[in-house]
Structures are given as structure tokens and as C-alpha cells.
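Here it is, the structure in full.
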């Protein structure tokens, strides 16, 4: 998985049949030190993540391993909203600190 | 998924048996700010996307999760035509504005 | 899929059991404007593509979705030989022009 | 697989249903000569790897091929803790030397 | 598949249950002109490839399509040992020449 920041949404009315009702989020990749990277992905959001939240995105075939995405042409899913991460016992991001 | 712009088509008469009747589109990757990126992909188009439209492309094994691509050697599919996207509550692309 | 140019072949006599009889081609990636890119892939060729021809290569799990590659450890297949492609209604490559 | 160094952990309380109880580790990619690379991945850890240990990470659909990750939206797993590796008959990393 | 050179081995005693008995090789990617590239992969070796040999590596889900790797968390396998390859009818590598 990668860590990403939810930065926006995509709206699409013409879709393949089995894509109805799946919210699509724009997620920018985040580096380990919590700085933004240049790449992004459009991911299905089954958790209701808000703009500014850090999330985990699973890509490829594993993205279909949820009730919401089973048997759908989906290659990226937000499967967790991050509370905190640390490296070398130092906190790099904390949701409560970031959003307060 | 990635956001892409349909820029053209590919014609191929010699194909593996199970590839008949699937339109193949050239799709250039688009950055979040709606500028073109350098990479591209050839994707099956089951939606009839026109040149200039912004689309979502799913890659890898998930690309086979539609009736049109089931059990076919297809690693990229246009599974949505984008109406609009926004980042940080600002519209970055709107199909109606772009094509008018 | 990507567009590639067949530039050569690979010969290997020691292979896993289920790889017998599958021709292996060296395929260089081609940019949209028909110039060569730096990356390449070794792909199974079930169509008899010749050196110099432009082909479509499907990668990953979808590469196993043909009779020739079913249940084999193959992550890239030539699934079409390209006749022509165009971008913005302009022909970028035409097999008949290229090979005449 | 890639070789990585466990550098930290990610905590997430809001997850898709089937992600409960899977420890998530931050793993930095390591070059062959045992220097750190710039990329990282968040991987499920079923082995109890400690910070500083070198591990092997399998990505994509194969990451689901363990009891812990079966049918879960997981695209990266720590499937081995590395004791040592060598190139050209020279040891590049040895866990006992590194941690002593 | 990519062409690689076997440059070493990885030893790991703590592994997920189903990874016992699979030799793990360090494989450096090789360019078409037989020069070394910068990337590498750790691949399961079911063929007994020696250091210095050129091999083909299949990645992702297809790496599980052998008896040795079926149902295992393996994302890269050596599925062939290369004898020779050529581009534009010129030999770029020949095992007998290289190892003599």
C-alpha cells in the first residue's frame, strides 16, 4: 500500500454498468516524511475519507477484495484512514495534530 | 485508476482470437491540474469515448472485470468518462466547459 | 497495453515445464509519435510477428488469457499486430507505408 | 520481491471490515549494496519484523497468498526476514553483523 | 518478462509457512545490449541458475503459475535460463561465448 492524501473527487456519469455508486477520490501520494509526492491515483472510497485526510491505498487486483469492489473494474481502493505513522520511533504524522 | 485524455485510436486486424470487436483507444495520462503527462496507454473502450474526452483507465487484472473484457488478454480499460474533477474544492476540469 | 516494435528474439532451452513451445520476442516500447522509447519487454508471441512490426503487448495477469499462455508463468504477450494508429485524426504509423 | 528495511509502523482505526488485526509496517526499499533507496511501501507484517531488520516484500496479487491476507485488500506483504545476502560471492548484508 | 543476470542469493530462515524450500536469487536487470541496468529483483529460482547466467524473470501474479510457486506469496520467478538473444539479426548475448 502507499500513503496518500485525499485532495479531491472525480465525477463521472457514463461508466461501465458495474461502477454505479462508488465514490471516486483523487489521492496524492505522500512521502514517508509527510511531504507530497508528484504522483496521484484515483481510488474508490468505501470509508468516506475527507479532503486532507491521510489514507492507505491498495492497488491492482487486491483492490477488488472488498464487498464494494468485488467483480468491478477497480484497480485502487482506499482501505484505511491513517491515524498516525512513525519512523525510527518518531511520529511523522498524527491526524489529531494535523487537523486540530 | 488514472485520468487520461483520449487522443486517438489503434487499428489491428491480426489479433488473438478473443480480441475481436474491442475498440482500442490511445489514452494520454493527464496530471491533476489537467496538463498532459508524458506516458500513455492503449485501452479497450466499451463506452464510446471521443477524442478530447477525459476518461478513467483501470489497469492490470481489474481491466477484465467487465462483460466486454472478461477472459480476454486486456490490461487496460476505459471504465468511466469524466464529467468533472476538483481538488481542494476548486474545479480543475469540467467537460461542459472544456468542450463548449 | 503498450505499443512496441519487435526487435529480436530470445532462445532458452532450460525452462519451467509449462513453457515449451512458446516463442519469445524482444519488444521495444514505442512512443505515441512512433519514436523508440528506452524500455523493453520479453513477450510471448502467439501471432508470428516479424522484426520491425508494431505490436500491442498486454502485461501482468491478463497475459495468461489466451490458449497459448493459460496457466503459464507468462507476464507479457503480443496480442495484436498493429496496422495503423492515429492521434488527433493524423496518422502516426501505418504498417503498409512503413514496410513498403 | 524487493529487499526492504523496516523503518516504522502505520496505525489506522478506520479500515475496511476485513483489515482488522493486520499489523502495517513502513518498509523502505534497499539497494543491492545495502544502501537505502528513495521508495517505500506499507506492507502487512505477519512475521513480527522489528525496526531495522531487512525483509522481503511481495507485492500485488501474490500478497494475498497467506492465511493472514487471504481475501483481503492487501497489495504488499512481508513474507520473509532476511538473514544475509551476497552478490558475486561477497556478503553485502548479514543480520548478525548488522544488529550486533 | 525481463532479462536479468543472476548476481547472488538471499537467505531467510523466518518466512511465512508456505515459503520453505524455495531458493531466492538476486537478479539484476539487463538492457537489450547486454549492459547492466540499475534495478534488481529477488526471484524464486526453480531451475538452479548459477551466478553470471542470464535468465528470464516473470513478475506479479503469473509468477505463481508453476508447481513450485502455486499458492505462495511470490511475485517474481526465474522461468527460463537464456541461451542467446539477438536484435536486428545480430547476436547480443550468447551463453556459450559468455561463459567460455
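Labels for the chains are A, B, C, D and E, by order of writing; each one numbers its residues from 1.
Throughout what follows, a contact is a pair of C-beta atoms (placed from the backbone, for glycine too) under 8 Å apart; a residue touches a chain by one contact, two chains touch by 3 or more.
Every value quoted in this text rests on a predicted model; they were computed, and no experiment measured them.
Chain B and chain C touch with mostly distinct residues; of the residue numbers seen at this interface, under half occur in both copies. Taking each chain's centre as the average of its CA atoms, chain A and chain E sit 33 Å apart. Computed centre separation for the pair chain A/chain D is 21 angstrom, with centres defined by C-alpha atoms.
Among the residues of chain C, those touching two or more other chains are numbered 60-61, 63-64. Moving round the ring of chains, first from chain B across to chain C, one meets them in the order B, C, E, D, A. Interface of chain B with chain A (complex): residues 1-3, 31-32, 46-47, 56, 58-67, 69, 77, 79-89, 92.
The touching residues of chain A, counted against chain B in their complex, run 7-19, 24, 26, 28, 40-43, 51, 60-61, 63-64, 71-76.
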